[in-house]
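Step one of this worksheet: look at the structure below.
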């Protein structure tokens, strides 16, 4: 089983994701260059954190036109698991694979610190091993993680259980004081309708070893490994998975080059 | 006769470039003719204080630079030490003080970009940054604006390029109001056999220009007015450079990839003095010539003259000497990263820096003399007349002043921006990217693990301008000791150091005296503590309106932990632990202390005396105890003395309080009490250890001849400090103390938080 | 020819930058300020045969890249040569 | 009344954002684009008795806060009520 880590110009958590997958979780990982023509037969794709194209213009706005993104869109449409972390989440929003957009953090400052997340949805390939309501400690490190969804989109997300993580107090309480960056409904991570594409601002890959302050992020990566193994087990299911409509927010944007 | 001999300049133009009569004559002697304007520009930047160290070299020579760990001492882009048989750590500190005053965000950002380039030009991957900052008092809006911009600039560049800022320090004094200090330390890791130096070799090897395009950035203002230029270039230009961290990230990856492909003989970044400096220094180090044709230099602006191209300080550019046959590899790798890589020249055997432009030779200068025969000045020194007055501290005068109670004084000190939590700053820095950071900022020195080994590196930057103003020799010694002690407190063995010397105008004998004394102290301390200097930076002329900053040498010591799992923080870890003071309990003084400054507004007295042999023994003991897993925490005693140290050990511990009894005998005298609580001493560390290990810790201290004194226990939710007689001098709820500390800095921006 | 694309957050979306600047202006004593919104603009020099062509090119670039329709709206202006 | 303050980097100052956007537009096939510079603008609703007053208030705010005079220059426009 192999998990691809995309590398865009300006990605800088690519090595961290690779390290966590390969040396902590113990699965096979491979970098995929943004100009590559395919995903190298990977079972899952991670779009890592960083500052793709310097985050000039808007976060993730330029990276989503990278050739590899056309492959990621196809892969997602076929039901393949795609995880966007931080800048990777922003790329997924810009690409229209996930709904909503990002604003500057409330307070306008970059924030790097440990936060607590409540797991709101367990059914995805990234939360299969988590308990509903479980509180995970993970760092954030971003200047533009203030998630925005308009009321109709928010309703859709909530109604279909597509909010995957919310910023919470250490005991799991949700209230504005713990909404670290001002996100709509304290949203830290969401999924697409099918659940195979997930984006989140916090960094599970930085929280895989106790020596770094938390090992709670392992649950995300280990869930992924388990999901990939299960998919391999029932290989026949893979093609059916996404029903070919994974980009279907109606917002998938024109012309991924 | 070459075309370069045409259009010779005169003495007046030389003077306008800041060259003295003597320097001009020396140039004429080196060339055997008068220089032309381009050559004059080249000499003026190479012989500037910034590039040639003409005022400081005679003193810097006295620094110890060799030691068992040192792989590369001063003279290259950065120093290097051995981590183990395979890996090296490359590190250096640099200042960007003046640009950060003019434009705080961009000044600080480009400073970060510059020091990161110094590290990867040695072939190393940068893995950590520290910043050492000084500003004016924060009640001034200008100081707040500068601090905010500087911090945002460091964050903007460091976060984006993906190098974590894992620690640093910040201090405040009126003298920095018009001249902030922005010193940034960077450390990288490289395989020892892949260390590369900026030494051009191999006649016929091609020379490449890589990275950003050249614009008219940073070309010296004084020379801009020269009639030689067209109107467009003579227009008054802001002397500000804008950094592009995205481009530098690409440059970093492309350089490391090209180095792995073994296509590069030498490389150097274009920092101060740009293309001129990099070409000349690489040629001089290798004893060869370099011929470049600058017609092909990628340019951002139209109509740039050779003078401007040679002197531009545009950021994010490098010069490579490529191994013949490696051209295709370099070009392919740079194309992959969407970067310019243009062949602009060749290594020659004639020892000349020859610059051609549109078919003409516009400069022709022997490399060696240009780089190495810069003038050196042994500038006059004079002890300041008021030194005795600075050092006078009359206890009677102090006793006569109204003073707050010990608890009030402690709260005031904890809320002092120089002592208070720097969380408001470090939260803006990505301190975790690369997943190596073992200590969060604020809990001790920076500590990063070295992936693929069991080891970790610890490093700290420290300096105290107040101490140095009162006694520059002792102040510098204390800075080295403190930095090494911080590293030891994380459980590391200090092995080497770098330094950044921030001073005023060296042409003033009093300033030069401060400089000379500080460098002497630095040298002696580094020798005694066995942390040789592998490089550094000198920043002079830090003055506004004739008033110099406090002399501020900043020292960065690097240490090695053999077992990364044994890293130690400065915060208590459990209740009922035994708190022990290691190091001589006497020796604390209010001279130069934060207490005097904060409570009485005084910078007076003599800073604490220090015995370097005792310091070395203490550091060795702490590192050894940590390595054996005998300690829970270790915290160095510095600004604010024992009381502040104890409070800091409790903060961020999740609410573990402490109760201690001061080692000093009971004394009703308020000055004696203040000295016992807030007096500062060198060579002291507060450790905590379990009941089970306490005896072993005390026995090991005895064996190492390090005084050890059991102060008390952790636990409860209060901070209680009693005098020798058992009476409480301070008894505060920990939460109240922590509130004062955690908002002392941030409330200047977030009043609601106060 | 020079086209300018002005991009703003949609009016219904809270603009954290504008709000912070509003606060800063008020605390500088500008009590008369009622609201501030921050936007960005792009000056695009483009080889185009006509102002109309420049405009439609700029609009296309805005649709595809310069603005994010989920949260932003934009407006295009063309500066006709000789008319400035 | 609404004032707009347009802030741009001074001409000779490097604009990394504009440069990167230029590259992105080119690789999207917009070969006709020659240069891009990015700026920002502020829409300020201000209670002012006249357009002139609004303009001078906006200019003052630009000087003091909205623009960084070291590297940026700015331009003020006032939209007169009833004229838009």
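Some observations on this one:
We call the chains A, B, C and D, going by the order they appear; numbering starts again at 1 in every chain.
Basically, contacts are C-beta pairs under 8 Å (C-beta built on N, C-alpha and C of every residue); 3 or more make two chains touch, one makes a residue touch a chain.
Just so it is clear, the model here is predicted, and its values are computed rather than measured.
Across A-D and A-C, it is A-C that has more C-beta pairs touching. The geometric centre of chain A is 37 Å away from that of chain B, both derived from CA atoms. Rounded to whole angstrom, the centroid-to-centroid distance between chain A and chain C, based on C-alpha atoms, equals 30 Å.
Centre-to-centre separation between chain C and chain D, using Cα means, comes to 9 Å.
The set of chain A residues that touch two or more partner chains comprises 53-54, 56-57, 62, 65, 255. Annotation for chain D: residues 16, 20-21, 24, 28, 38 touch two or more other chains.
Those residues of chain B in touch with two or more other chains are numbered 244, 246-247, 338. The full set of touching chain pairs reads A-B, A-C, A-D, B-D, C-D.
Every residue of chain C that touches chain A in the complex is listed here, in rising order: 9, 12-17, 20, 63-66, 68-72. Chain B contributes residues 152, 155-156, 159-162, 244-247, 249-250, 337-338, 426-435, 437-438, 440, 449, 451, 564-565, 567 to its touches with chain A in the complex. Chain B meets chain D in the complex at residues 102-103, 106, 212, 215-217, 237-238, 240-244, 246-247, 300-301, 314-315, 338.
The part of chain A that touches chain D in the complex is made up of residues 53-54, 56-57, 62, 65, 255, 257. Of all residues in chain D, only 6, 8, 18, 21, 24-25, 28, 30, 32-48, 57, 61, 64-66 touch chain C in the complex they form.
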